[in-house]
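There are two complexes below, and they share chain A, which is joined by chain B in the first and by chain C in the second.
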Partner chain A sequence: MKVTVKQWHPVAQWRWDMGDDHTPDEEGDVCGICRVPYEGCCPACKMPGDDCPLMWGQCTHVFHMHCVLKWTNTAASKGLCPMDRRPWSAVPCLLSSSVAFAEHRSFLVTADRKVAR
Partner chain B sequence: MAASAALRAQVAAKWQESFNRLNRTEPGISGLTNYSHAWNLAREALRPMDISDPKAKPPGFSLEQVRHACEVLNKCRRLPILLEVFTADVKESFVWINREIDAYMAQYQETNDPVVVSQLVLRLRQWYLAWKPKYPLGSHLTASYTLNFQTHLFAHLPPEFAAGFKALCDLTLIPSESILPAQHAFLPSTSSPLATAMSTDMSSPSQLQTQIHTPTLFSAFDTLGLIDRYDSLLASVGYTFISAHISSTCARQWTKPVLPELRKWMTDVIVPWLVVGYAPGCKSAEEARGMLQGVGSRFDFWVNKCVCDLRTEEIFDIIIDYPESAGALEDLKECLQRVDQRAALVSALRKAQRKRLLHPAAETKVILSQYVATIRCLRIVDPPGVLLYKVADPIRRYLRDRPDTIRAIVANLVGDDDDGGEALLDDSEPVQPLQTAEVEDYTEPNWEPEPIDAGRDFRLNKPSDIISTLVSIYDSKDLFVKELQVMLAQRLLGVRDEEGVERERRNIEILKIRFGEAALQVCEVMLRDMTDSKRIDQHVQTQKPSIVHPTIISKQFWPSLDSSTDIVMPGQFQTLQEAYAKEFMTFKPDKRLKWLPHLGTVDLELELADRVVVATVPALEAAFIELFSESARWTVDDLRARVGAVERPAALKALLTWVDLGVLKEENEGEFILLETAEEGGHARSRPTAPVMAMEEPPIVSSQEQEMAQIQVYWKFIEGMLTNLGPMSLDRVHGMLKLAPDYDRTMDQLAGLLEAARREGMLVVRDGLWRLNK
Partner chain C sequence: MAAISTRRLGKELKEIHSEGCPVGVTLVSADNFECWYFTIQVMGESEYEGEAFMLKFRFEPTYPIASPAVQFVVGNGQEAPVHPHVYSNGHICASILGNEWSPVLGVISICVTLQSMLASCKKKERPTDNERYVKHAPENPKKTRFEYHDDDV
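Then we have the complex of A and B:
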């Protein structure tokens, strides 16, 4: 028997590429500012995805772009990352998917977790 | 002696006075003689005569003689005495009449023929007229005579006379009903008591008509004072007749109002009868109207009451037939304004509902549509909605206890009636936002007080549109929105063409107006995922054509898609998936795809040795048949091991799809083989070329199941607090739960969770207090 697929209408979920492929089934992480999952949208937005993208910091912390911009625009923020109080500087988006950055990040994430414990 | 002298003098004076009075100023005693003549003459003239005795002759006095005699008596001031004597004579002579009454009544007892009664009445009239003073002796004498005569008559009439009189009155109505003899044949052979009375009693109607001449009879009634005395009897005859007419002509006639026709019938049939009976001898229509005012309004009331009773009895069926039964509702509305039977209507309808609607055999959909029809009908009957509130309450409480109510309502909202059940809403109903109970605004210029029979809390349910009413069955609209999402997800994953999505979008636009933009935001995202998927797919296809056209969804915004059957697509599917995911990555470098392989559909073409099978199947079926292309024989368990976590029943079901298509065959228990050549007979169902749809609803966890999963998280807390602190209200439970870690529900959501727990029998609620169900 020969099986020919003529059309296939599968269903898939999109996820942000966070560079940590090892936990595909896990509940996604949440934005540290609004506590909404990355794949959701920030409180100011209605549509998730491209309309409400993420922003990566050099410190490897990730927030909804709108959330973190709102934060850095307040005087109280002093331009620091809300998580670790290091100066906030965003990583260009494309770079976020680069393998190098992912490795860098996963290293830091592991370090963070160790600190947390 | 002086005293006796005085006495004598007194007697003498008296005697002289009497003498003078009788003798007047005539000379000698001629005056006295004249008086005595006059007395005798007048007495003879008035003396009652036995008209049953043929020899008896009326005294042949001339009018002049009698008048002269009376003048004499009047001068002597003896007329009152004459009247007394006359009255005594009447009383004495009444035995003749009594004799005849007894004879007639005995005959009536024997024959039961009302004609006998009519004869009796006419005969009594003869007696009355024969005895009536024929000479102009003043109205006082006549009135006093009539009163006396009637008193004696009523004293002697036996109780049976009443029954006979009633029967007689019954007959008086019939001739007017059937002026043409031909109509007798038509006259309802149904239950009308009059009709049966006619067919048995009246062997020859024409004869009876001649025997009973209604106007004569009624004038006799009037003369004898029978109408006043038997007023209620006469009226009841009329009432019975009207009731019979209404129940024979109006029952189940709902299309147009019957009241106008009934009024015409009243004018044509009942009013003439009433005129004869209650307004005899009236000269003009004006006069008749004046005389009939009282009795006429009583009869009009009766008509209204009969119609009202009839419609009250039929109300449940009238509602079922709505809108074909609009006429009946108009009638009912009009009647209820005259007859205060609103309470009876409510209890009749509630009883019918309990018996015919609110039981397990009735589908939720049916209950809903009957509820909506009830709303519509009672709005016609009673615009303020008091009746509706009272009637709707049991339905609402019942619906709240049904597990699939929300689903049924939402399905109807989105027009998802699989077997074409009629939509609850018609297009004429304007789409408007959901209305919530609002505080009464006393400054409103059109403010009106509550109707007098409104129950408490009535204002909360003031007339609003149907959907608001349905949604308000539940405490929060949250449940609806959630169910709506689930259904939308199912439908979106089911549709495959652009129009389907467009239709859903239109639906959602309409629902947005009702539920508000914010509530349906999630649905909006789901719809946008659909268009985005399409756009992405178009782009990917231009880069690298593929047969894969995925729907890419935003995880957070779709109802949980059952991921327990997480399968791994084998063979070429895997390759296809990977290729597409790679293209996607280049198009959207910051995103990745996570496949939900258990969802979606596949169009397949199987080339077998002797035939080609085209089929559209769910993913699991496709995965299995792909495996069969590797090997022609598989056991269920091996197949399950290959595709990953699949429940055995689900796997069997998928395999049976292929068995039905004649591609596979179960050889041993749990072992399937591929039929490279079609089997003769056995599975002749295979249609080689026709594409077969083996589709089903995508496995999306219903919102109820989700709720059950969620309540498990908090159940320990809730159980604990209800055990320790006793029954609690919703807001207290909410307040307590806030102390628990990770509790982030709103009050509405909690209400939904508790409601779910109640459905599962874990909790009960009474008077707003939740307690454990023990």
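Then we have the complex of A and C:
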């Protein structure tokens, strides 16, 4: 039997690499500052993904990079993490690895095949 | 572009409508993204049994990076609770509204904090500097630099 695939629709989904030990907290996987999911983008951006990455703190808390920078750039923040009020210090390698991961997104591909007689 | 406050407040309002407010907290009005009103009551035995107080929230376009201006409504039949951290003009001396504000806090968490501030009150009295403060207080409580004396009331 000869099969000719005439058409197929790949469907892909991506997520940030939160690390193996990451468990969603009770609020779900949303940025605590804007309350938009991590895979969404901060209120200032239009497109989720590499242009609106996440930023990890040494304290292990995660926010949209743009959200947490808006906060830490204010005098009122005193440079503290919004969650635990410990000094905010970003983990640079984790930021870049999450961006790198976004380029190696995991694909869930389903093919919709039409079989010719 | 819409202010960041609009999207965040839209989410908070949606959650209030879908999940309801905590016990003792009631939404009075949220007709825009600049000014909301709630009432709070202390549940169970307390100095404020049977009393309800109205809270006014004012939001800047940069909320939640900037803290909201929160005060008790005074006038039109509303009174500020008699409490060592609440001035008779409705201004509140609470660190989370000032130098301990964090953008992960929100309208509901403020209501709950103020509820528990009232619940733990042992003696109903005004702040010692009430008269002096009220006489010269700015209209917006965010313009006051409060000093936070203790954490246990």
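In this section, the second predicted complex is superposed on the first by the 74 of 117 C-alpha atoms of A that agree within 3 Å, B and C clash if a C-alpha of one lies under 4 Å from a C-alpha of the other, contacts with A are read in each partner's own complex, and residues count from 1 in each chain.
Simple rule for what comes next: a contact is a pair of C-beta atoms (placed from the backbone, for glycine too) under 8 Å apart; a residue touches a chain by one contact, two chains touch by 3 or more.
Keep in mind that this is a model prediction, so the values were computed, not measured.
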Considering only the touch criterion stated at the top, classify A:Cys34 as touching first (chain B), second (chain C), both, or neither.
second
Figure out whether A:Ala44 sits in contact with chain B (first) or chain C (second), or with both, or with neither.
second
In this superposition, the partner of chain A with more touched residues, chain B or chain C, is B
For A:Arg85 in the superposed arrangement: first (chain B), second (chain C), both or neither?
second
Report for A:Arg15: first if it touches chain B alone, second if chain C alone, otherwise both or neither.
first
Touching A:Thr74 in the superposition: chain B (first), chain C (second), both, neither?
second
Quick check on my understanding: which residues of chain A belong to both its chain B contact set and its chain C contact set?
36
Quick one: which bits of chain B touch chain A in the complex? Just the residue numbers, please.
493, 496, 521, 524-525, 528, 532, 547-557, 561, 571-573, 576-577, 581, 585, 588-597, 599-609, 619, 622, 625-626, 628-629, 632, 674, 676
Residues on chain A engaged by chain B in the complex (per definition of touch)
1-17, 24, 28, 36-37, 39-40, 46-50, 53-54, 93-94, 96-97
Considering only the defined contacts, which chain C positions touch chain A in the complex?
1-2, 4, 7-8, 11-12, 62, 64-67, 99-104
Per the contact definition, I'd like the list of chain A residues that touch chain C in the complex.
32-36, 43-44, 67, 70-71, 74, 76, 80, 82-83, 85
